[in-house]
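Think of it as A, B and C in the order they're written, each chain with its own count starting at 1.
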Amino acid sequence: MADPALELDGLEVRYGSVPAVRGLTLRLDEGEIVGLIGPNGAGKSTTLHAIMGAVPAHAGEIRLQGRSIRKRSPEAIAHAGVALVPEGRRIFAEFTVEENLKLGQAAGRGRRSGGLILAYDLFPMLKEYRRRQAGFLSGGQQQQLAIGRALVAEPEVLLLDEPSLGLAPLAVDSVFEALRGIREQGVTILLVEQRALHTVALADRTHVLVGGELRLTLSPADAHDPDKIVSAYLSS
Amino acid sequence: MTRRLDPLVQLGGPVLLVVAVGLLSTTVSAANEVYFLNALVSVAIVVAIYVFVGNSGVLSFGQIAFVAVGAFAAGVMTVPLESKKGVLTTLFPLLRDHSIGNVPSLLLAAGLGGLFAFVVGLPLMRLSGLAAGIATFAVLEITHNVLQQWTKIGPGATTLSLVPESTGPLQGTLGAIVVIAIAFGYQRSRLGRKLRATREDPQAASGVGIGVHLQRLWAFTLSGALAGFAGALLVHQLGSITTEQVYLELTFLTLAMLVIGGLTSLWGAVVGALAVSGLDSFLSQAEQGVHVLGFKLDLPSGAHLAVLAAIMALVLILRPSGITGGRELRLPRAWRRS
Amino acid sequence: MILAALDFQTFSDAIGLGAIYALMAVGIGLVFGVLRLVNFAYGQLIMAGAYTLAYTSSWPTWASIATCFAVVVALSLTMDLVVFRPLRGQSPAVMLVTTFAIAFLLQSVALIVDIRDSTLGQVTAALTFLNEPVKVFGGDVRKITLVSIAIAVGALVLLALLLAKTTIGLHTRAAAQDFRTARLLGVRANRVIAFAVVLSGLLAATVALMMTVTLPFVTPDFALRDTIVVLVGVVVGGIDRLWTATLGGFTIGFVSGVLNGLLPTDKTVYLPSAVFTLVIIVLLLRPAGLFNWGRHAAGERV
């Protein structure tokens, strides 16, 4: 069997002496969308940051296609093929849309050169506004920019940290549509989200993280059973 | 039981160190006594600076301006009358025709230092970070410039001499202890703790009703008074003073002493002052040839500054939180079981 | 009316000084942008360049200049490796005191070397012709002033192009804006920092060249006072953006030059007080910088 695209093995992350993530084991095969939901402070963001090397892992292993990436710097991990769409977008407001996208190519340099068209095809609006200052875009448009920026690096694995945060319902729908489109291109996706139902319906599997630990795994069928999800959140 | 000993240790440690230095100074030759007195006066200056910088977390380059004001005030007012009228002819009559004693001069220096700090602090305490650093640096520059040029309040660019050398081992030790005790009292008081809260998280602090501007102003004023006092100690130790002696080099040196000792604790301020002062003295000696562990160390003149700077940079690179790690003195673990 | 009292010579000299300070401001601002570090020892880089020029004054001019650039850039990179790297992430106070210690160290070393070798202190005679005046608009302007302005403008334009049009420039701007996110996108931290450090070294060498023509005798505290003045200007202008820092550097140079020329000689002794009082007033009114509109001050918390 091929190596999983991304694998977490007993991952433990601490802030000082406080554990944020405990013994998390997760496996993403190529082309899957896996969701990670849970209450605030459950450690979802921390998991993504640990994968990107922005936060050190206290124990456990992180493997990208079988190779350990645990002790590498964020930029090395980005170059290895992992892209993060950070919480709150974190776009560069004073740069143009085009410059923001070019920045996303930093990780892809030397590997592929598909160009900005990868973002423009998925989000035509970005092409239209490419010379605009990114700070003038709406929330939904900025989210598209953030995702487009991650895509131009042609990652193997795409991590998203609460992409629907602060977006109007229409914008949320378009984000989830875009994720379907991305999955079709063969990119593996780990999606951290607050919107439990949307995520469960979209992802191949959705894990519920509470207090840094995995509680439950849900399938798309469970999207029709909100009680199950709620009880998972509330269990301790 | 050990909890109640904590404050005793925190205060006693620095005081005992200072007393030790003071006692040692009486046992060495007159030529070497200078180094010990330097160390004691340095402690006073650095602790004065710490009172503001350490507790508020705001970097100020201006505290030496208050040392300067204290030094010149105490100096000018204690020069014996006959000499003053002959040498410092351009002074305001009030200054020229009166002289005061040793202790009054210390109090005068503290008062003027505090007043100056208060006036300067009123507008400046609104600033933080780099802006505060630059603004306080500007205060230092202005003070230096005015002291150097205004011959009605002092000797101007020439050396002020004939100041009574009343800072011997006793005054040096007592002076340092007074500054330490007041600094300690302040940091344990409600005022001090309020200020420390603003250091950690200014927004949270003001959220619970702590007036950041006001607390900083308190500390700045107290720091200014203590610095002025230390300036008087300084001028009475040297017997003379020039504006260059209370300017950039001293600013850098004392700030470095504080940071190397550990910016956020009283223990750090005292340890840093003594350590760097001791090192500086040792290196000055080495320039005249000194014996270390059987080897003769002979530095070229001027090298002592270079070595001092190099060692300081090294300490900061290797241990950025300073020698004490920014913490107060505590009883060793083994003794803490009650 | 004030401008009428200003003679052309003073005015042009002030612009020349402003140009030099502007370049220094860029050098300091570049390193601050990516490292959040104020390099007090920047003036010592300039001093090293000046000393190199003095030591090689008997060489052909181009070789002397090339060596100067090489030495300064090498020293900058060494500073980054030995001092900046270990200090990354430390509090501003620690960084400040450490770079100040380095400045002191380099100055003391120069003092020792200076005492030893009496031949030090002369600079290439080939360039002193630049001190001669030339007629512009009916007033006397020293050639070096025109050259300073030309070089400064040229360097700034080059830099602006570099930052705006090249990939490394884009990465550097991003790193100055939000280093964390930039790294997550794959921007290589070390490369960007090296870029900024090298650029700042090149600027320092340029300033050394410009200054040694006007002050042919090189002394160890060369450029230390200027660094402090430029730093003040940079913070007053607004340190967190490159162009505001540059403007700040230029302004304080220009204002110093003008005030120096305007004040009657017996009053110039209080020039520092005048300038610094102005600095305090500006900082109180605009803590984020004179040219920064609607932004917050940089670098809180010690």
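The criterion applied here is as follows: a residue touches a chain if its C-beta (ideal position, glycine included) is under 8 Å from a C-beta of that chain, and two chains touch if they have at least 3 such contacts.
These numbers were taken from a predicted model, which means no experiment stands behind them.
In this assembly, A is the chain whose CA centroid lies farthest from the centroid of chain B.
In this view the innermost chain, defined by its CA centroid being closest to the centroid of all protein CA atoms, is C. Averaged Cα coordinates give chain A a centre that lies 43 Å from the centre of chain C. Note on chain placement: the centre of chain B and the centre of chain C lie 32 Å apart, centres being C-alpha means. Mean C-alpha positions place chain A and chain B at a centre distance of 54 Å.
Residues of chain C that touch chain A in their complex: 167, 170-171, 173-174, 177-178, 180-189. Those residues of chain B whose C-beta lies close enough to touch chain C in the complex are 53, 57-59, 123-124, 126-131, 133-135, 137-139, 141-142, 144-146, 148-149, 199, 202, 252, 255-256, 259-260, 263, 300-303, 305-306, 309-310, 312-313, 316-318, 320. If you check the complex, the residues on chain A that touch chain C are 52, 54, 73-75, 78-79, 84, 86, 90, 92, 94-95, 99, 102-104, 106-109, 149, 153.
On the side of chain C, the complex with chain B involves touching residues 38, 82-83, 86-87, 90-94, 96-98, 100-102, 104-105, 108-109, 111-112, 115, 228, 231-232, 235-236, 239, 269-270, 272-273, 276-277, 279-280, 283-284, 287-288, 297-302.
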